[in-house]
Amino acid sequence: MPYITMECGKLTTEQKENLISRLTETASEATGIPPEFFMITIKELPDTNMGFGGKTVEKTKREYLKK
Amino acid sequence: MPYITMECGKLTTEQKENLISRLTETASEATGIPPEFFMITIKELPDTNMGFGGKTVEKTKREYLKK
Amino acid sequence: MPYITMECGKLTTEQKENLISRLTETASEATGIPPEFFMITIKELPDTNMGFGGKTVEKTKREYLKK
Amino acid sequence: MPYITMECGKLTTEQKENLISRLTETASEATGIPPEFFMITIKELPDTNMGFGGKTVEKTKREYLKK
Amino acid sequence: MPYITMECGKLTTEQKENLISRLTETASEATGIPPEFFMITIKELPDTNMGFGGKTVEKTKREYLKK
Amino acid sequence: MPYITMECGKLTTEQKENLISRLTETASEATGIPPEFFMITIKELPDTNMGFGGKTVEKTKREYLKK
């Protein structure tokens, strides 16, 4: 029973539906495990709660927009 | 120091208190590790953010209620 | 920077390469986020360490093969 | 479809079977969700990879045995 | 590409910015991996959703304040 | 009780001891929460099980060394 979780920023309901359906399809094809065995969760986080290279996504976006 | 996390839909405060207490008790008995060493978190997710078999819980429930 | 992790049984190196490439492609298309922003990890667990419906995958497989 | 994962030290196969069965039963009773909907994983980590209060479990145990 | 995630109670934006910057710096120094390779997420949970020793943080705080 | 977990490649015992001690110190200073409340785990993954931009770390390293 494979479990897939995705952490990302805010998404629309349609994007989440599409992600859950297509990630299942892709992972099922790549592993040969039937789709009905897959469980998927999506964790949406605010930009202040994600960072890479030591800077929050919020600060990175803020600085990008100031250029 | 075992760490247990549970991802699920919306729960009441009482259910969460009960879960944290009883999961600790059960895991302590099964492993022989004293209860005070256990840490537990509960992550509640909306039905649009959880899916199995390629379909969101929200869509599965919607289709079930239409029958 | 979306982060995707998949927990599953033992996979071949080829399956893992294929999964990482195709999950990135699928998630990028579904969200509109460029592929180079995606990070993916795969956590392989033994059948004794995964269960659903209260039974380990190892026990489920054992009982299935006895039939 | 609730998902529960437990991170801990090395366990026996019997302990893992018991944990997966009893954690499912406990969580099912506490939430009213049928047991067959539960997925559980157990991640065993070496003592060098877990720590609390800033010290690895391995170092804590080593110092404890020296007393 | 190391990935670090922290689960905790409510934090201010400033605390999160500081955490993401300083955890990256610390982990980079300890591993020798350049800071720009690090991804960090922070998951804030309500006191009712975290517990140790079998009791929620919310109940522990409530009982502490009654003393 | 904050919980921090780090997913990365293979590290030495010394690096892990140093990480667990210094990540606790840093996070304690940044949040004002006493160090003894912190739990940390480190999950080491093979290069074939981690990828970014759609390519495994193993393949990225292999191609880099061919240049």
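Here the chain labels run A, B, C, D, E and F in written order, and each chain numbers its own residues starting at 1.
Quick note on the criterion: a contact is a pair of C-beta atoms (placed from the backbone, for glycine too) under 8 Å apart; a residue touches a chain by one contact, two chains touch by 3 or more.
This structure is a prediction, so every number in the text was calculated from the model and none was measured.
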Equivalent of E-F within the choices B-F, A-C or C-D, defined by over half of its residue contact pairs recurring: A-C
Result of counting contacting C-beta pairs for D-F and C-E, higher pair: D-F
Centre-of-Cα separation between chain D and chain B, whole angstrom: 15
Separation of chain A from chain D, taking each centre as the mean of its C-alpha atoms, in whole Å: 26
Geometric centre distance via CA averages, chain F-chain A, whole Å: 20
Residue list for chain F, restricted to those that touch at least two other chains: 1, 3, 5, 7, 25, 39, 41, 43, 50, 52
Interface residues, chain D side, partner chain F - complex: 7, 43, 45, 48-56, 58-59
Contacting residues of chain F [partner chain E, same complex]: 1-9, 11, 15, 18-19, 22-23, 25-27, 29-31, 33, 50, 52, 57
In the complex with chain B, residue positions of chain F that touch it: 1, 3, 39, 41
Contact footprint of chain F on chain C as seen in their complex: 5, 13, 16-17, 20-21, 24-25, 35-44
